[in-house]
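One chain, subunit A, appears in both complexes that follow, with subunit B as partner in the first and subunit C in the second.
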Partner chain A sequence: MKVRIKAFARFREIIGSENTLELDDGTSVLSALESLSEGSKDFRDACFDKEGAVASHVVLMINGKRISGRDREAGVLHDGDELAVFPPVAGG
Partner chain B sequence: MIRLQKEDFEVGEFIEEAKSRRTGAIVTFIGIVRDDGIEGMELEAYHDVAEQELAVIRDEAMREFPLHSVDIIHRTGPLRVGDNIVLIVVSAGHRKEAFLGCEYVIDRLKQTVPIWKKEYRKDGEHWVEGEEKPGPTA
Partner chain C sequence: MLNENEKERYHRQIMLFGEDGQEKLKTARVVIAGAGGLGCPVATYLAVAGVGYLRIIDDDTVERTNLNRQILHWEKDIGLPKTGSAGEKLMAINPDIEIETVRITIDEETAPGLVRDADAIVDAMDNYPARYLLNHLACKFGIPLFHGAIRGFDGQATTIIPGKTACLSCIFPKAPPKEIFPVIGVTSGMIGMIQANEVLKYILGTGELLGNRLLIWDGLGSSLETIQVERDPYCTECGHIKGSQMEKLK
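Then we have the complex of A and B:
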């Protein structure tokens, strides 16, 4: 399946604004983020904490909806999903 | 009206548009690029999602307070000191709900709408720290 990864602010500067990943059906958010960080140590450092968990300050959305709690890692991605990764917002 | 745009906005036009025979108060908020040592800034947005979230905030404010209308215009792209960043125009029958509604909208906008600011200074550039606290994974 194909999943689009959108990145913003400093995450965009590291991996680019949009990546398409070819993943197995049922891949978790954590696995998708790990796939992205395989090619980029900077992305790994920005996205994960020292224990290898998704860092608490990273905001994640699937198809424009924030994901929270366990879904931040265990959430399952589906073909055509758009996973967005970004730092805390700072508009206004 | 809810809109993200690169262009500046004409505040007076939105105020006139918000007036009706029932209007007793219009409160506006304009966020402006402040000179605290920066040379300029760049605003980036998750465009479609930011507009959706602005619409959600407008609907929340209209439910929470007896308002007649809420307009939110937020700019993106490069801005200089003194430029407008965001305009919120809230109309209501009375001042109290107009003030409360306007404050609600700007406070929520800063918490949830996916927009980021990069500041350019003489000693380099950096992303402004956001106020959102997404919380731990567990």
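Then we have the complex of A and C:
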């Protein structure tokens, strides 16, 4: 299946604004992000914490709908989905 | 009542929303938390629009590294408090409004008394602990909070109407790590304009606010988009606010 990854802010600087991943059906959000980070240590450092979990401040959305709790990692992706990753900015 | 001078000064916008609208701006009290990259453009445009009372809070002094974006602070102001520097320029820009400057650190002790009487609070801070504190007080007192944040060429903004829209904690339950952030002045200007525009619309009761929407500005791609966000019913800050409060705020 094909899943589009849409990146914002610093993530976009690292991996580009849109990537399309070819993944197995039923791939989890965590697996999709891990496969994306295989090609980019910078992305891994920015998106994951030291324990290998998706960093708690990173906002994740599937098809424009915010996902939270267990779905942040275990949520299942389907063909044609768009997974958006957004690191909030902090300056003022 | 608007005097003749005010009718002349605001003539081109009275064409938009009438003398009644201008009266609403004149009687509004807006607190701007921070006189830095976001606070400078927000304060400038709320001042020229004729918002009658601006309270600007900051504890910092002007440094040369601020000057690429903090447009109310000039070379001659280096070393001076940002509040005094901003207040001086704003009073010159519009002598018909009242500017109160407060040089103080925004913390749990000082903040309640500084925001309680406001019609609107502008989040022009540079860190999430202070933002969460403003959000907490906005929810507690039922005061709208206008959020903005920037980094590099990127920015974000949203409008929080307590009890009615997602609050800052609903949208960002966890703060991003603290950093000395790179930034270009145009990004502060873009997001500051969005915030000021939201404040004006809120006071005037016109247009569609950025409630339940997070606006994301990508300066490198020159694209602006909004993503839907929603209230977290279990939010520790706003989850307890029920419909009665929503009605009151309409």
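Methods note: the second predicted complex is superposed on the first by the 88 of 92 C-alpha atoms of A that agree within 3 Å, B and C clash if a C-alpha of one lies under 4 Å from a C-alpha of the other, contacts with A are read in each partner's own complex, and residues count from 1 in each chain.
Everything that follows uses one rule, which is that contacts are C-beta pairs under 8 Å (C-beta built on N, C-alpha and C of every residue); 3 or more make two chains touch, one makes a residue touch a chain.
Just so we're clear, the structure is a prediction, and the values are computed from it rather than from any experiment.
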Partners on subunit A (subunit B, subunit C) - clash or fit: clash
Contacts of A:64 with subunit B and subunit C, given as first, second, both or neither: both
Subunit B versus subunit C, judged by how many residues of subunit A each one touches: B
Selected from 1-9, 109-117, 217-225 or 235-243: the stretch of subunit C that, after superposition, runs into subunit B: 217-225
Residues on subunit A lying within both footprints (that of subunit B and that of subunit C): 8-10, 12, 56-57, 59, 61, 64, 66, 68, 84, 86-92
Residue numbers on subunit A that touch subunit B, as the complex places them: 6, 8-10, 12, 53-54, 56-61, 64, 66, 68-70, 72-73, 84, 86-92
Subunit C residues within the subunit A interface of the complex: 34, 36-39, 123-128, 148-152, 154-156, 171-179, 181, 183, 188, 216, 218, 220-221, 227-230, 232
List of subunit B residues in touch with subunit A within their complex: 31, 43-46, 48-50, 52, 74, 85-86, 106, 109-118, 127-138
Subunit A to subunit C touching residues, read off their complex: 8-10, 12-13, 17, 56-57, 59, 61, 64-66, 68, 84, 86-92
